[in-house]
Amino acid sequence: MAVYQTTDLTAASFSVALFGLAATTFLLLMGSAWVERKWRLPVALCAIAALIGIGSVYEAREAWFAGNGVPVVYHYVGWTVSMPLQVIALYYLARTAGNLTAGLFWRLVVVSVLMVFVRYLGEAQFMHPTLAFLIGLVFWLYLLGEFYFGRMDDVVRNATGDHLRRGYFWLRLIVTIGWAIYPLGNFLTAFAGMIDDGSLSVAYNISDILNRMAFGVAVLSTAVLASEENTRA
Amino acid sequence: MAVYQTTDLTAASFSVALFGLAATTFLLLMGSAWVERKWRLPVALCAIAALIGIGSVYEAREAWFAGNGVPVVYHYVGWTVSMPLQVIALYYLARTAGNLTAGLFWRLVVVSVLMVFVRYLGEAQFMHPTLAFLIGLVFWLYLLGEFYFGRMDDVVRNATGDHLRRGYFWLRLIVTIGWAIYPLGNFLTAFAGMIDDGSLSVAYNISDILNRMAFGVAVLSTAVLASEENTRA
Amino acid sequence: MAVYQTTDLTAASFSVALFGLAATTFLLLMGSAWVERKWRLPVALCAIAALIGIGSVYEAREAWFAGNGVPVVYHYVGWTVSMPLQVIALYYLARTAGNLTAGLFWRLVVVSVLMVFVRYLGEAQFMHPTLAFLIGLVFWLYLLGEFYFGRMDDVVRNATGDHLRRGYFWLRLIVTIGWAIYPLGNFLTAFAGMIDDGSLSVAYNISDILNRMAFGVAVLSTAVLASEENTRA
Amino acid sequence: MAVYQTTDLTAASFSVALFGLAATTFLLLMGSAWVERKWRLPVALCAIAALIGIGSVYEAREAWFAGNGVPVVYHYVGWTVSMPLQVIALYYLARTAGNLTAGLFWRLVVVSVLMVFVRYLGEAQFMHPTLAFLIGLVFWLYLLGEFYFGRMDDVVRNATGDHLRRGYFWLRLIVTIGWAIYPLGNFLTAFAGMIDDGSLSVAYNISDILNRMAFGVAVLSTAVLASEENTRA
Amino acid sequence: MAVYQTTDLTAASFSVALFGLAATTFLLLMGSAWVERKWRLPVALCAIAALIGIGSVYEAREAWFAGNGVPVVYHYVGWTVSMPLQVIALYYLARTAGNLTAGLFWRLVVVSVLMVFVRYLGEAQFMHPTLAFLIGLVFWLYLLGEFYFGRMDDVVRNATGDHLRRGYFWLRLIVTIGWAIYPLGNFLTAFAGMIDDGSLSVAYNISDILNRMAFGVAVLSTAVLASEENTRA
């Protein structure tokens, strides 16, 4: 294992992301046993998204240790699995409050997988970068549209639980603000020809920490609070 | 660990398969605790099939990183264990609806093991490739025959649960369509003398993702829905 | 990790044994939670025997990759732990039907450990090979004597459960037929001066797969069936 | 893996820390199932802090084996995750006795993360060392202030359980005395220009063993005793 | 991974110790769920002692593969964690029968840690070997004194359970006879200037197998038998 120095901020951010995601994974895995039956699935999905994060951050760090920057594909490989998992977690979170169609489920899965895949095609020059960037952007906006104006928002708005509404609000915010880094990074590497000299990885790591950890912890705390609310009522 | 570049689609597909199978394994392992007693075995078998998939995809990826393509044996080693597991999972899924003979169980196990083994013998030139290909094809068709016209189909058709019927329908479809790639790949490498330059591995990875992940998730969701149905009734 | 080719049957058999034992371990670990209290110990012991099998097969495979055959000690190291575990599993399986003395337990443990250890001493030329072979054979025959004509057979014969009797019959058969390969292999390497060029490892792998996997699965299915029988009665 | 000699006290202290933290992690993970519902979260958080400790000590030891001392960043990476976890554990421990505001929670999280981060910035010369040292000191004093004179102290003082009060007393002491080594080490490396020749790592390892292990075990024993107290009452 | 030959008895004994400790760890981890609440802690502590044994034996084996004998520090690192764990397990085992003071607990912990640490200081020449040997001996005799004539013996002698008395008798015997190898080995390496050419490691491995495995299994079987006794009564 290569030894990194104190001034290598990129390696430090990778290591912090690695340990932070490991901590999140364990907390969510244990937490999934503390909540009501119907809350287990969203918590478990976030735990798995964090677990996948451990693997992808570990491999990206190895690439960084090997020198010459981290090929951007390392980030996309992790997102291909973790982003759909988080979108599904949000779907099942909303579903604790009311019925949602299976059609919506499939639309969310397909769109979130394609969003990451199209961006990757653009980065790897398998597709025209501008086109890929725009399609990826449209897919992201579609997801935001579902979260803000779609059936999920309706169901949550009419839910009896106060905690669910607040949790949904914060999770949606993470998806809106936190995920905005990804099209931005996509834009920089695909158009501006930026090669990752470490600073992009630092930015991605901070986002991944926030998006995967904060997202998972928010889902868990919503689930715990809502479970307690029900038990008391 | 070798560093792969953004344009190396084969390595990316291996990594996505790896993370996707890890996510599936964890979801199914956790999910096996959420379903009724009699559903646990099929879910557990799918979890184990996905787990074996992690191991075999990991080793195939290492072979790819070492250069010069992935020897086809890497795929066969994984299938030898995972395909019989999936066939048995389907058997136990049907068995939740009614009694099935132990004889059928042993026929399914032996035929599915031999199907993979014979194909391997053909690929390794230990047996005449044409003969191996044809025997492998016959074994696969036998399995399909059991699923479509055998006792399992009878039992499922007469089941009370709506979810079981639908689940069985989809799982059978995966085995029919998804598994068709394997004799095709067998044909290409054994006869057309094709050496895997990455494109065959990409095809196999996509199939494995669909077959192992979709199969497992379909079994889990059938089990969860059928468990809830029973609880409500 | 060394890359093995499609025609390397020995490496393929090691890999299949590895994945098969991993699958068995997980199935038995999960299965130990599905059976009645008194059945947990024999199932757990078989799970641990399979787990140890993973470790020893993995190390033997690494030795094979390093070239020049697998030193026979790699097999003996695994057997030293797994064979006593299986003998104890059989003891506790019989004990679910009636009381067995602690003296029998200690005799079985000591004899099964010595059986493997003496064979090893012969192979490593620390003891005269012929003598070691004969002593090992006597120990094996002693174990068979206990299983066929000893107190364990009595207890099982008088058991009320039909499944236990059938399970015991099959397990005894595995120990009789499946374990016969080991003195045979011992004979070949110790006397005929055979050096393992791969074919002996293939034979050992097939035996280990059958002995550890079939043994474990037979114990689990006996336990599950007997547990259900009791619940219904 | 490099072999270390008997006289290499630093390597020995790393190995003892590694094994001790592994033992602590397992004990706390198992222990979190032995306590009352409301005590699970603080125990789980300490288990995760110990788990992260395994990772960071392992990597620091690898760096030591590679020669030329352990870059101080290796310690900071672990603390960034484990120190906030321990502060949160203390928060939830106090919270079992009465209500605490969410504002306090966020203040504690942010201050404990910043405390470690600012010290790191100083060590890496990204910020003026003196300034970083002083800010880190202020943050630590703020945390001590909250523990000694804040709302948490009030809540614990008015708790009915005797064990909670005693547990809180000891945990606060660990944070006061045990954590004092960190600003001290910070001072030595940042100002005195000390390069870690092993003796600083030994000091850090002893502190980490005490802080992570003693802290975790103290939380677990408080939780177990308080749970029993409640059951009896 | 280095390949060891059939005649390398030291490597074989390391491997058997490795697999045996892995088997013990799993058995005890699973077994801790089969016993009464109050028995869980001693069983868990023995499981953790065996787990630590896996790690330390693995590292010692790696050192052996690297050639030139195993530095004696590798054994001491494992004992520093596992011996106090076993002493505490014995304390909690006795405590199931009656109350024991916290003072006794701390004396046992401190003395058992110091016993191993002082011996290490002697081996590494950080302290005069004769002095270290004598102090280590005194600490061991103190522990034996507590076990034979102290409060723990009183409590166990007055216990109602027959199994507890018998279990305590055997465990004390293991600590008396099995642990006698350690001062002996200490004497040989520190005074007789013996360098470990493998035979000392074989002796240590056999002792470790007996001490960690037999100790753990004896605690588990005592716990299981005592739990059943209580359930029946």
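Per-chain residue numbering starts at 1, and chain names A, B, C, D and E are given in the order in which the chains are listed.
The rule is simple: a residue touches a chain if its C-beta (ideal position, glycine included) is under 8 Å from a C-beta of that chain, and two chains touch if they have at least 3 such contacts.
The UniProt protein names, listed by chain, are A, B, C, D, E = Biphenyl 2,3-dioxygenase.
Being a predicted model, the structure only gives us computed values, none of them experimental.
Novice: Through how few touching steps can subunit C be joined to subunit E?
Specialist: Step count on the best path from subunit C to subunit E: 1.
Novice: Out of curiosity, which chains are bumping into both subunit B and subunit C?
Specialist: Touching subunit B as well as subunit C, we find no chain at all.
Novice: Give me the C-alpha superposition rotation for subunit A onto subunit C, in degrees, nearest 5.
Specialist: 145
Novice: Where the CA atoms of subunit C average out and where those of subunit D average out, how many Å apart are those spots?
Specialist: The answer is 46 Å.
Novice: Any chance you could list the residues of subunit A touching two or more other chains?
Specialist: Where subunit A is concerned, no single residue meets two or more other chains.
Novice: Starting from subunit A and heading to subunit B first, what is the chain order around the ring?
Specialist: A, B, C, E, D
Novice: Provide the residue numbers of subunit E that touch subunit D in the complex, in ascending order.
Specialist: Listed in rising order, the residues of subunit E that touch subunit D are 32, 37, 40-41, 44-45, 47-49, 51-52, 55-56, 59, 62-63, 66, 68, 71-73, 76-78, 80-81, 85, 120, 123-126.
Novice: What residues of subunit A sit close enough to touch subunit D in their complex?
Specialist: So the residues of subunit A in touch with subunit D come to 1, 3-9, 11-12, 15-16, 18-20, 22-23, 26-27, 30-31, 34.
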